[in-house]
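A, B, C, D, E, F, G and H label the chains in the order they appear, each numbered from 1.
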Amino acid sequence: MDDPFIIAGQELGSRLILGTGGAPSPQVLDEAVVASGTAMCTVAMRRVDPGTSGSVLDVLVARGVRVLPNTAGCRTAREALLTARLGREALETPWVKLEVVADDETLLPDPVELLDATESLVGDGFTVLVYTNDDPILARRLQQAGCAAVMPLGAPIGSGLGILNPHNIELIVAEATVPVVLDAGIGTASDAALAMELGCDAVLLASAVTRAQEPALMAAAMADAVRAGRMAHRAGRIPRREHAKASSPTRGMAAL
Amino acid sequence: MDDPFIIAGQELGSRLILGTGGAPSPQVLDEAVVASGTAMCTVAMRRVDPGTSGSVLDVLVARGVRVLPNTAGCRTAREALLTARLGREALETPWVKLEVVADDETLLPDPVELLDATESLVGDGFTVLVYTNDDPILARRLQQAGCAAVMPLGAPIGSGLGILNPHNIELIVAEATVPVVLDAGIGTASDAALAMELGCDAVLLASAVTRAQEPALMAAAMADAVRAGRMAHRAGRIPRREHAKASSPTRGMAAL
Amino acid sequence: MDDPFIIAGQELGSRLILGTGGAPSPQVLDEAVVASGTAMCTVAMRRVDPGTSGSVLDVLVARGVRVLPNTAGCRTAREALLTARLGREALETPWVKLEVVADDETLLPDPVELLDATESLVGDGFTVLVYTNDDPILARRLQQAGCAAVMPLGAPIGSGLGILNPHNIELIVAEATVPVVLDAGIGTASDAALAMELGCDAVLLASAVTRAQEPALMAAAMADAVRAGRMAHRAGRIPRREHAKASSPTRGMAAL
Amino acid sequence: MDDPFIIAGQELGSRLILGTGGAPSPQVLDEAVVASGTAMCTVAMRRVDPGTSGSVLDVLVARGVRVLPNTAGCRTAREALLTARLGREALETPWVKLEVVADDETLLPDPVELLDATESLVGDGFTVLVYTNDDPILARRLQQAGCAAVMPLGAPIGSGLGILNPHNIELIVAEATVPVVLDAGIGTASDAALAMELGCDAVLLASAVTRAQEPALMAAAMADAVRAGRMAHRAGRIPRREHAKASSPTRGMAAL
Amino acid sequence: MTLTINGERVDLPDGSTLAELVTSWAPAVRGVAAAVDGAVVPRGTWTQVALCEGQQVELLTAVQGG
Amino acid sequence: MTLTINGERVDLPDGSTLAELVTSWAPAVRGVAAAVDGAVVPRGTWTQVALCEGQQVELLTAVQGG
Amino acid sequence: MTLTINGERVDLPDGSTLAELVTSWAPAVRGVAAAVDGAVVPRGTWTQVALCEGQQVELLTAVQGG
Amino acid sequence: MTLTINGERVDLPDGSTLAELVTSWAPAVRGVAAAVDGAVVPRGTWTQVALCEGQQVELLTAVQGG
């Protein structure tokens, strides 16, 4: 029914991409992954801890979802390039979620380093899904640099504030030449539905599910919300009207 | 998984109630009813037109959905009582969607006539699902008068403006002793999801589906949106935070 | 420059009406009254306390502002009528701010009792300035009952949430036959300016000034905000545009 | 009463900066300048038109307001630098409003060129007031590059959409080391008041006044609104409360 | 005799019953209700209700509506 | 005699008038209104109103409010 | 000689100075700046700047904007 | 010899290879990547990479994140 969701020539079976950060346990993560019906999950690259056994990969591989390494924590294009290469080596995938943030308080992208990093990673053969702010011009520049998907934030990471500036998201969607994925800020299902109604191709979220009181149930909610928002976008909503319009006939009233 | 949705002791199989007004044809209505998965649809009572053959009832009966007559167009308690009685006689059901509007421009409920009508209909044995404004005090009064469900508007009928005052809806839900159904104003899927996240038990909409460019597709969107909003409400969303919160670990970074 | 603000034939020198409740001291109240430039302040009627000397009246009379007794705390039309009569007797004015609330938690008006009280007070010769919710139909009914000013809330008393449903305020203004005063909910200056931009004739507020960290300074801010909103309303704002429109000429650029 | 508004060591007598673009005539502009009480107005640099006599400068010089040349229409750092130098030569001022936009449809700043241009102009001795988007990180970078004032947009130029993302403006203000001037997007007085309440040091607007139905009246409204918002910011507004809080005493009620 | 049915003046043979009227007037009896001079007439009694000169009859049915 | 004034039981000398009560009870007469047994008593008549055993008297004045 | 002034081809007598051009071209000299072949020429030097065949001259002034 | 592995100083027998280090250090080799002195070392070459005194080795793996 829906048209396929394709990034860099690869079709993904779901328009909901799940970040794995924040899940209280692998068991809870597994339940959330299943309930979300997602086809791709992000992971971070960190130092091996000899103590630990088992890994997030066990869950994701067992569920057959694509693994997308990110560059979370990187502050410069250089760090991001090295981290991306390690992720590619470790997970045997040229895909990367590029994050280059300016500081740990806002976790907002640094536009200059982000653009540099995108150019470097594209040049190094990566398929770059880039986490960016909601500036339509930076989004344009990132696409000119060759990113495979542009992923604007709705609000700061983990804030749950939803989509603070829908107008910018609409501007980004209007001229996008690659898929637009709303990334960061989603707090609840209606936020995810709105993102899709604005014309986004997919939604990426982590905390909204992994830190909800019932992660699996929220994951199922997000799956339905993304589907709902996508269908509503395609169905062509009624226009907003300042005044009421009757939904029952005004003729044929009985004389009572 | 979800707890049952019950009005006046009757369980309804869906939390989406569909108004049938505005559908361009019985065929389109039929497709929308099926796609919505609704268990109850509203109809209006109007003079028999000898010319016409076939009826909205044929569609609804064939699909096995409950028929809920309304009192659309009534301006006084007296008119509403007579219209309700005719609906009960014609459709052999004591259930009625009570509407008493003040004028044809705003289609807003007249609080005084609405309360009188509720008392009269309850006294006459009706199961009253009452369309009201979003005033928490009037909602309280209507419940004291014995309505079976209180149905506050999100915005004027057919406006598609969504939920103009979520704060009032939350106040109504917080003290409700009967099911709360968000009725009127819904424009798109995220509006319906929000209504459920605010704690409403169900959503009633007509124009948003019947007047959409693709009614059946929008009906499917609304079905998913209501389910999504309900699950999100039960799952316990993350709190809104002014500042960002990392979803990737800040420890274990490589020294690159 | 501005047209006069007239209620019941009496011109008031300011479109800001100040409620006196919540001021930490008569001295602070006096400073706020002066800074606000108000021409009318509300007071409540309570039992004489033999202990106290001095009174809010001393401040208001000294500043030459009109005193408007209210019926705060009344739950029924009967209580409101008696309280209004005592206020009229005590303050020798037929003007009254009518409040009939449903409970102490929401402090929201009870529409039925409020309409009854309005009819009774008008019949008893009062000039009724009625505090109501933002339902356009109730506002219409209150005007039909003869109130001298209709005063819809922007948000619950003391909440500081601003104007939760501007659409309703616009509907009330559009058909009003008496002055519309935005009463309750104002939290800061931009809320007051918005109220006037929506077409209200005046703003009534108490907590926003009396409970601010610096009441006199906030009173001055509200005075400017009301004036600003009124002028902006009359000046005819630019339309909202989805797209940008250059404010510098696009012709005559140098070839650099 | 208010603390002085200082940019680059120069005190400005008003927190409202007026753009002169869009005024239908010099006469109307003159009235708006006077009514606004502004101390600084922007102008664009364009080719001399032998035909025209008289100039915007005649108005501004006669009214004794500081003239701030802008770089409107420039797409690159190079163009902006040359245009700024021509403005400095023509108007004998090192101050410049730096604009580097990405295209004529959105008129949004190009972050990369804007940062380059800021560095170049600062290096060339300019006092740079930079028009930017609402990205807190870009604002930070521009300050690190030495701008004298950072001027984030509320919404696209001329859109009149107000402040689309107050959260970003608050983030910019929270860490600003130079004055923050809300530039672009203001549609009406309450928007200007809100900008100041968010902590901005000043507001710059053009279309909202010059294209209003009555420019001089709207200019006066903006002057009051900026003052109101500034005072409200300093006065410390009451907190937003989910529930009502009585402004009349609950004790001492008569037993009626 | 002449009655007003759904706002139209209609001539009917004397002695017509409400049941006969409904059958002739409505495409299908299902989902139809009748009021005579402002009072609802239960379906079960239609055959016994003889119509009279000048009565106001309303025959309503369900239509698409909000 | 004993009356209830603003909710408190108070003893007053027989024959006391409302005017006397108000004067003794209220710091200032300005802005005061009186109700006896639920009926407002006009200020102008206070001197002629003799209070009686058991009456409910309410004396109200303006305070900061709404 | 022929130069391009503000995008228009213009013939000027040989040996014309920038100062002469500005005076003839601009309604008022106040608020005018000049660039020759992409370089800003300070006002104080206009009288010494002799224009040459084929040069690109831009004469700008302040207009309503921004 | 002494190297720095994931920020810790570690003693290893001379001639140790990167492959040996990874095997001893990581719970499972799957999903592990190695960098020596800031350069990524392809998995296929680990067995041929002899480690040297003072090198900085980073061994990373995938964890829950963003």
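By definition in this document, contacts are C-beta pairs under 8 Å (C-beta built on N, C-alpha and C of every residue); 3 or more make two chains touch, one makes a residue touch a chain.
The shown structure was predicted, so the numbers you read here are calculated from the model rather than taken from an experiment.
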Target chain F, source chain C, minimum contact steps: 1
Pair in D-F, B-E or B-H that repeats C-F, with over half of contact pairs matching by residue number: B-E
Pair joined by more contacting C-beta pairs (B-H or C-D): C-D
Gap in Å, rounded to a whole number, between the CA centres of chain F and chain A: 72
Inter-centroid spacing, chain H versus chain A (mean Cα positions, whole Å): 33
Whole-Å gap separating chain C and chain G, where each centre is the average of the chain's CA atoms: 62
Residues of chain F engaged with two or more neighbouring chains: 6-7, 35, 38, 58, 60, 63-66
Of all residues in chain B, the ones touching two or more other chains: 19, 21-22, 44-47, 70, 72, 82, 86, 106, 108, 157, 161, 167, 206, 242, 246-249, 252, 254, 256
Complex contact set, residues of chain G against chain C: 6-7, 35, 38, 56, 58, 60, 63-66
Contact set on chain B toward chain E in their complex: 19-23, 29, 42-48, 50, 52-57, 67, 69-70, 72, 82, 85-91, 99, 157, 206
Residue numbers on chain B that touch chain C, as the complex places them: 102, 106, 108-112, 115, 133, 135-138, 140-141, 155, 161, 164-165, 167-168, 171
Residues of chain B touching chain A in the complex: 19, 21-22, 44-47, 49, 70, 72-73, 78-79, 82-83, 86, 104-108, 156-161, 187-194, 197, 206-208, 210-215, 217-218, 220-225, 227-232, 234-254, 256
Complex contacts: residues of chain G adjacent to chain D: 6-7, 25-28, 30-35, 38, 40, 42-43, 58-66
